[in-house]
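What follows is a single structure, and I will ask about it in a moment.
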């Protein structure tokens, strides 16, 4: 195995680990979405990229390359829709919140 | 015309997905793209001319490199906030004005904001984005608009408008 | 400037714009799984479910009015029945044309192992099963929506 | 090497299960399900390395697309709309 793809694998799993620690530690749902979406998406993208580097321009490598933008769009749009949905559902933000502009728009 | 654009995109995606150039594979790909074109063509992007402008792809590559750099910064930022024992968070939802006009550019701005340091787009209403920020460093509208949206808008205007 | 999709129903503009190229991609991937059913895991049923989920994504993100959905339901049921009929015809053709003369007998050239055109009638049967499952699952989704509205 | 990384990812999916079991509200559980779907893609790719079965990447792509639809459905359910409006 190529050493560069091993390095990408280890980086990816480490970022997944950070994301899941954030999922447990952070106080409310919006902050959890922040950590989880960013870290886990980049970690998994890095794992897929390592597959592309290991197999090169073969069908498997190209499929791994196609999966990266799909995963990216799926994660960002999912995070956006989930945060909007949970605000409308009425889930409170944490006590440390210092400013909320969306409440005025939502009252109308 | 947007039907033909969808057809070309789907054929390219099929050829990448199967990755061989046998004649049987190409014929099945053309049939499959025709089926997709018939079923989903009327909902595809109306401004199809943008697909045939090579300059946009060039700016797209520049944007991609810039975006990957921002994305890496975002990850180290979140990792720092998660791992430090005091958890330095000061969250809030801010109203950010964006100067982009077209819908597709707004969509990509929202997606880019979601992947950059400490911000996530909650809603898009007309010309305003509602952004959840994990560490609100300043409450002045000019400063935070420039900090959140300003760095992408110039490039996105060249790519999508 | 294209504000053509800014309608009150459905989800936000971000979801709609992403859905414009995500739904065709999902459908194409379903076709890929169906056509390669005899070479890789998956096949008619799996590909049909993925194809149906493209329609479900479109209904979810754009929103759709109920009477329009009822029209769609008629089309879907027709498609499902026709695909099932074609599958049955394929089986009967095996009875007539194949040298062994059995139900589902193979009457096509077998091809060589690992190629796309191989496996005799199995890929064609897969395609018909895919269309049938796609129409069936979409019509289940539409039927659930219609019945829920009538109950309430 | 691959085994250790695979164990780490499986442990992380159990962490997601903790959030699904004890999440204070419904939305927290949905976030955990979304993250779990992304972790499974990583597990699929590591299984490609471990077993050499190249078709597992197809399953990974299918998982990405189907978990996207699941997330959108749950998010729409949270906004108290009917699913077809």
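Here the chain labels run A, B, C and D in written order, and each chain numbers its own residues starting at 1.
Simple rule for what comes next: a residue touches a chain if its C-beta (ideal position, glycine included) is under 8 Å from a C-beta of that chain, and two chains touch if they have at least 3 such contacts.
In this text, all values refer to a predicted model and were calculated from it rather than measured experimentally.
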* Go through the assembly and pull out the chains touching subunit A as well as subunit B. => C
* To do: Between B-C and A-D, name the chain pair that shares the greater number of C-beta pairs in contact.
  => A-D
* Taking each chain's centre as the mean of its CA atoms, how far is subunit B from subunit D in angstrom? -> 22
* To do: For subunit B and subunit C, let me know how many angstrom lie between their CA-based centres, rounded off.
  => 29
* Intercentroid distance (Cα basis), subunit D paired with subunit A, Å -> 11
* Counting in whole Å, what is the centre-to-centre distance of subunit A and subunit C, each centre being its mean C-alpha position? -> 30
* To do: Please set out, as single numbers or ranges, the residues of subunit B touching at least two other chains.
  => 13, 17-18, 110-111, 121, 123
* Can you tell me which residues of subunit D touch two or more of the remaining chains? => 58, 61, 65, 68, 72, 75-76, 79
* To do: Two or more other chains in contact with one residue: find those residues in subunit A.
  => 19, 33, 41, 59, 63, 66, 70, 73-74, 77, 79-81, 84
* Structure fact -> A full list of chain pairs that touch reads A-B, A-C, A-D, B-C, C-D
* To do: Using the touch definition up top, name the residues of subunit A that touch subunit D in the complex.
  => 1, 6, 9-10, 12-13, 16-17, 19-20, 23-24, 29, 32-33, 36, 40-41, 43-44, 47-48, 50-51, 54, 59-60, 63-64, 66-67, 70-71, 73-75, 77-79, 81-82, 84-86, 88-89, 91
* To do: Spell out the part of subunit C that touches subunit A in their complex, as residue ranges.
  => 11-12, 14-15, 18, 22, 25
* To do: Over in the complex, which subunit A residues touch subunit B? Could you list them?
  => 15, 18-19, 21-22, 25-28, 30-31, 33-35, 37-39, 41-42, 58-59, 62-63, 66, 72-73, 76-77, 79-80, 83-84, 87, 93-94, 96-103, 105
* **Partner subunit A, residues of subunit D touching it in the complex** => 1, 5, 8-9, 12, 15-16, 18-19, 25-28, 30-32, 34-35, 38-39, 41-42, 45-46, 48-49, 54, 57-58, 60-61, 64-65, 67-68, 71-72, 74-80
* Asked: Contact residues on subunit A for subunit C in the complex?
  -> 70, 73-74, 77, 80-81, 84
